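Chain naming follows the written order as A, B and C, and within any one chain the residues start at number 1.
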Amino acid sequence: MTDAAETLTIDIDGWEGPLDLLLALARSQKVDLRQLSILQLVDQYLTYVDEARELKLEVAADYLVMAAWLAYLKSALLLPRDPEVEPSPEELALRLQLRLERLNAMREAGARLVARDRMGRDVFARGAPEGLRVVRRSRWDAEIYDLIAAYGRISARTRPVMHIVAVRPVMTLEDAIARVASMIGERIDWSTIESFLPGDASGPFRKSALASSFVAALELARQGRIELRQKSAFAPLYLKAAER
Amino acid sequence: MSVADETMRALEAVLFASDQPMTVPEIRAYIGEDADLAAALADHYAGRGIELVERGGRWHFQTAADLANFLRRDREDSRKLSRAGIETLAIIAYHEPVTRAEIESIRGVQTAKGTLDVLMEAGWVRPAGRREVPGRPLTYATTAEFLTHFGLASRRDLPGIDDLRAAGLLDPVDLAFDAAQSGDDTVETVTQDD
Amino acid sequence: MSVADETMRALEAVLFASDQPMTVPEIRAYIGEDADLAAALADHYAGRGIELVERGGRWHFQTAADLANFLRRDREDSRKLSRAGIETLAIIAYHEPVTRAEIESIRGVQTAKGTLDVLMEAGWVRPAGRREVPGRPLTYATTAEFLTHFGLASRRDLPGIDDLRAAGLLDPVDLAFDAAQSGDDTVETVTQDD
């Protein structure tokens, strides 16, 4: 990299972009990058690109963009300062110098890194390690509760299905027929169906008794044993023994 | 061994890095010296965790044989038994000895081969002979380990159906809840509702 | 070291047998004891042809670096990195976690897709989560294997990292620019004409 400026004239493909080329040129100044002459660097770069074009080498667009930018920077640095222009050419130059410093730092760090004693090149791991073994075993987990709950679940699911109707407070149709038939004989006048219900009936039992008594009334009417009367829909329903 | 002995160090490194046991001529090709040092190096390692040994004229490092038990470790992964697994186990426990066909008929679902394998791997179920009926199907029963794991003195300690009912374990509400939770079994509503 | 020390022997054997560098918890899983002995064992091997080293919290045996000339026979550097690869690796190692855009801004050139792929395939670089800024770019960082390969006990051992950090050379250009603007003399020196 010492005679970079000379070899540059024939080797543009070797550079990883304009910044890389600039860094190589900067290093050819053989000064600390902080002491770098930006004007000199610009001249070096522009000369290089011109030479490359004279040799009719393809110069990639980003090198030309950099060349144009550097030409602008050079003129701005040389011309009397225009306070209106932001950022100032000095600031642009400083940024360029900072970028070159950073790239240079990483390039040198990379070189030091790969020069270290590297595994498989300078130091070696054991050639034929026996290897360590992990014997995996599953420890199955289950609690006694899980076991008996599972059995309960199966039993509930698959035992002969047995429908158990709970003892519910109902009046069966047979009971209602017997009840209405026996009571009707004692009634002279029209009586509401509610009057045939047990006096203490309440809640679900009363509803059941009412429904059964109604069906019983219809059955007895069909047999001609009672008469029914209702003035209108939802009006009270009256029962009376049939006149024979 | 003198640590400063360069040849000895090189021998050590070469034998360590080699992926093959090495003959003395092979060693010589690397360290360019008399390779008889191997015996001296072997002495140095005597009694250590690593040994340098000669087998059929070839030298290699190996771990000391008495430490083999350190080179493996058991890893126990705790795993929960699947629903099919626990149900199958319950049926075996309550009905043993029981054939696979009987298990399936009680569960009302086909039992995957893997399910019984898991139970046997866990050490809770064992084959318990063949039933002397056509086809001579294998039967299964629980093991002593099963009793130990579940804290049972004997199978008679398992709660009976009446106990289960009393404990609410046949309660269809729980059953329906379970089913809703796991979303798999459809539940027949066995009993009353109000 | 007392040769009779069983734990030390076991440690030696386990590290020797392992085909991977091992963390202290991993070692403990095998020898079931306090694994701080690794440092003592490393001392025992100091200056020998084989060394016990710690890289990124993982221990392994390797040959002594100064014996490379004995071992390089028939071996070539199979992992020859391109210049772009070396630079990219250095940028990731010294700046991690770092986005691709940040790598490109330091290098002043787009990073070919293959460059990062090669570094990841070598096992030296890994994706290290996304940065919570617009676009949520992926960041990259180095691996434990990177430390092992380059013989670094930790990232703090990266060559010259302290100096680079002190000089601000690991800071982005914008930050360094602001620092330079806020009153020192670097601006003057860069603009001087020869």
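The rule is simple: a residue touches a chain if its C-beta (ideal position, glycine included) is under 8 Å from a C-beta of that chain, and two chains touch if they have at least 3 such contacts.
What you see is a predicted model, and the numbers here were worked out from it, not measured in a lab.
J.: Using only Cα atoms to place each chain's centre, name the chain farthest from chain C.
T.: Centre of mass proxy via C-alpha means gives B as farthest from chain C.
J.: Most central chain by CA mean?
T.: Chain A is the most central one.
J.: Can you check how far apart chain A and chain C are, centre to centre, with Cα atoms defining each centre and the answer in Å?
T.: The mean C-alpha positions of chain A and chain C differ by 34 Å.
J.: How big is the gap, in whole Å, between where the Cα atoms of chain A centre and where those of chain B centre?
T.: The mean C-alpha positions of chain A and chain B differ by 36 Å.
J.: Once you find the CA centre of chain B and the CA centre of chain C, what distance in Å lies between them?
T.: 39
J.: Going through chain C residue by residue, note those that touch at least 2 other chains and give them in order.
T.: Touching at least two other chains: 14, 16-17, 30, 61, 63-64, 71.
J.: I need the residues of chain A touching at least two other chains; which ones are they?
T.: 124-126, 130, 132
J.: Inside the complex, what are the residues of chain A that reach chain B?
T.: Per the stated touch rule, the residues are 124-128, 130, 132-144, 146-159, 161-166, 168.
J.: Which residues, counting only chain A, touch chain C once they are in their complex?
T.: Within the complex, chain A contacts chain C at residues 16-20, 34-40, 62, 77, 89-91, 93-95, 97-99, 101-103, 105-114, 116-126, 129-132.
J.: Inside the complex, what are the residues of chain C that reach chain B?
T.: Against chain B, the touching part of chain C is residues 3-4, 8-14, 16-17, 29-31, 47-50, 61, 63-64, 67, 70-71, 73.
J.: Over in the complex, which chain B residues touch chain A? Could you list them?
T.: 13, 16-20, 60-63, 71-81, 83, 85-87, 89-91, 93-94, 106-108, 118, 121-122, 124, 149-152, 158-159, 161, 164, 167, 169-172, 175, 178, 185, 187-188, 190-192, 194
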